[in-house]
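Labels run A, B, C and D following the written order; every chain starts at residue 1.
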Amino acid sequence: MKLSHCVAVAAMALTSSYALAEGPVVVNHQAISEQEVVASQDGWCKALVDISSTYRNDGEAAAKALAEQVIDSAYGYQMGAVLFKPTLTVNPQTFRTTRAGALSYFVGGDSNFPNDSGFALKEWTKCEPDTAAIFITGNSASTMGKVHFTDKDGNVTTVDKTWTFVKDDAGQLRIVVHHSSLEFTGE
Amino acid sequence: MKLSHCVAVAAMALTSSYALAEGPVVVNHQAISEQEVVASQDGWCKALVDISSTYRNDGEAAAKALAEQVIDSAYGYQMGAVLFKPTLTVNPQTFRTTRAGALSYFVGGDSNFPNDSGFALKEWTKCEPDTAAIFITGNSASTMGKVHFTDKDGNVTTVDKTWTFVKDDAGQLRIVVHHSSLEFTGE
Amino acid sequence: MKLSHCVAVAAMALTSSYALAEGPVVVNHQAISEQEVVASQDGWCKALVDISSTYRNDGEAAAKALAEQVIDSAYGYQMGAVLFKPTLTVNPQTFRTTRAGALSYFVGGDSNFPNDSGFALKEWTKCEPDTAAIFITGNSASTMGKVHFTDKDGNVTTVDKTWTFVKDDAGQLRIVVHHSSLEFTGE
Amino acid sequence: MKLSHCVAVAAMALTSSYALAEGPVVVNHQAISEQEVVASQDGWCKALVDISSTYRNDGEAAAKALAEQVIDSAYGYQMGAVLFKPTLTVNPQTFRTTRAGALSYFVGGDSNFPNDSGFALKEWTKCEPDTAAIFITGNSASTMGKVHFTDKDGNVTTVDKTWTFVKDDAGQLRIVVHHSSLEFTGE
């Protein structure tokens, strides 16, 4: 057996010269941090309020255009389907696994979903997540908690919400599961 | 440059002799299949009906013991917390991120959760998942759909349900997210 | 507590009508199968032989263009870096974490990598993986084994090779780890 | 549609009281950090030197017992197989996918592996990883670089090494891929 022998110090100096000086290249692919989850929740809330204010200021077409942009950047419909159970959908159109179903829920106006009046058009002025727990498991992360919506008259609606995210190739978190429900009041 | 040359056929014969004959060893660690998701849903339903019938036949203590066994084998509380929003919990005890909170929800009798009457004690005779969509992303898998519960009088209760599973070291799927809610009826 | 009661059969009929008839939508995002690993190994081998024959038939520029295409479609350099230790690189340029370093290894001709003569230009006519083991862990999969290269004179070179793959958003496996080494012969 | 209205401040106060005061429960399951990868590399090196010094001070049986302990805590053989290509194994016993094959490589003395003399018994006094790149992809992480081994006479042997880790249920990183090779010297 013949092993190559050399002085360690010399070998390491040579190696580090091409290894870009201070340390290894680190690629963080698909792994999700708590901070990214929190930022995505806040981003969803901000987007909802933005659609509401766009609707108020610029009308329905502008609100719809913004909603499409939000769905295309924040949800994972391009992966095949999203597990989306919005707060206020009714059977047999409870689940909105397609982009069209999600868009109709947020801004209405789709005759295929006659019960939708447009959740994002309800003139929300504030949206605040109040997270109970976050579960990160490698390339996906889930978060569950209350979300409080305040409308223009100051009334607050609270829902129970679960989101699961994955990270796309561009490093953007995308919602692949979204289950929202009104609080059960025991009545 | 010196490369080792030999006859390919001979090399492959030698190699395959120690590689256990028919092909490579394949380890399937943490990856989750659609079949496993479906089996876990069915297992949850069966467990719920089993707790109900144990309660009817053997009483509360036996039902509680079985519920503990179900929680310990089917949920992921030993990982730190589970994102569990049961169907009928009320604020401020909506989320049951601890084992104690889950147990109380299923069988009641815990003074720390005074509103719990024991969901699994409601004499369910049938439990049927009706899945809308499944999302598998490597080491976690989520499923969303209706679940229909039939009680001893034949009445059916339908809920909207999301489960997310991961696989533990023993190859067992464990629930790490569980969001359940009564159907919104538009009223 | 008021639960909605209905006939299970009716509910399921309604539900399944919008759930696209035969069953749930299943999204298989980032999860990797044994078949995909085997196909990617075979694809790598085919690409190597193709570059060799392109070099022979169409010259160096055509071979380089093909090599670029292969690297861009089969490796994950666009994620930030690839952990690539080719068979025949020498210290201090052992590791080829950049696309330029990989390209130079395969087709040579880059003055920044003066020792590279172009591994894919060695007129390989056959390339056969002989896998020892595959490890699939959710969104990544690794494979280890021998790879036998046959040149135009029928000489066979055998290397020990490890590849790790992830799946990109388009569903394509990409090499993120590639460690190749000549067999140790005990001398 | 009837939504529950309440004052947001009150709702959040109630919610946070049971949500354990400062924020959400965060479960970090299977996700791997750069720090954990670096610590595992250092741990492998320390274990190798420990086996060497145990061999010198306490003899072969003690070294073997320690090696078994190291393998059982640092590798993933209990998952089914490990993709292990040690530095100095020869065909047809190149790959050590079983625990017995790994143990024999480190401490020798197994007649089923007649070429093994025990890599960990070579009286190593120092072991230093010099990492080129780390790739983290959710629930697995890979690292590639040089490792420098110094023996009791001050001679240094350098190898090219790749490790892939997954995290077990107890939160411990385990080696599931290990490819090690002597540096190619161009001769």
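Please note the rule applied: a residue touches a chain if its C-beta (ideal position, glycine included) is under 8 Å from a C-beta of that chain, and two chains touch if they have at least 3 such contacts.
Keep in mind that this is a model prediction, so the values were computed, not measured.
**Student:** So which chain is farthest from chain B, going by the mean of the CA atoms in each chain?
**Tutor:** So the chain farthest away from chain B turns out to be C.
**Student:** So chain A and chain B: same face meeting same face, with over half the numbers shared, or different?
**Tutor:** Same; most numbers are used by both chain A and chain B.
**Student:** What is the distance, in whole Å, between the centres of chain B and chain D, each centre taken as the mean of its C-alpha atoms?
**Tutor:** 30
**Student:** State, to the nearest whole Å, the distance from the C-alpha centre of chain A to the C-alpha centre of chain B.
**Tutor:** The answer is 24 Å.
**Student:** Would you please write down the residue numbers of chain D that are in contact with two or more other chains?
**Tutor:** Correct list: 1, 11, 15, 19, 25, 27-30, 81, 88, 91, 95, 97, 132-135, 137-140, 143, 145-146, 158, 166, 176, 182-183, 185-186.
**Student:** Sort out for me which residues of chain A touch chain C in the complex.
**Tutor:** 1-2, 11, 14-15, 17-19, 25, 27, 29-30, 76, 78-81, 91-95, 97, 138-139, 166, 168-169, 176, 186-187
**Student:** Can you check the complex and tell me which residues of chain B touch chain C?
**Tutor:** Per the stated touch rule, the residues are 1, 3-8, 11-12, 15-16, 19, 23-32, 34, 88, 126, 128, 130-140, 143, 145-146, 148, 150, 155-158, 182-183, 185.
**Student:** Inside the complex, what are the residues of chain D that reach chain C?
**Tutor:** Chain D residues touching chain C: 81-83, 85, 87-91, 94-95, 97, 115, 132-135, 137-140, 142-146, 158, 160, 162, 164, 166, 176-177, 179, 181-186.
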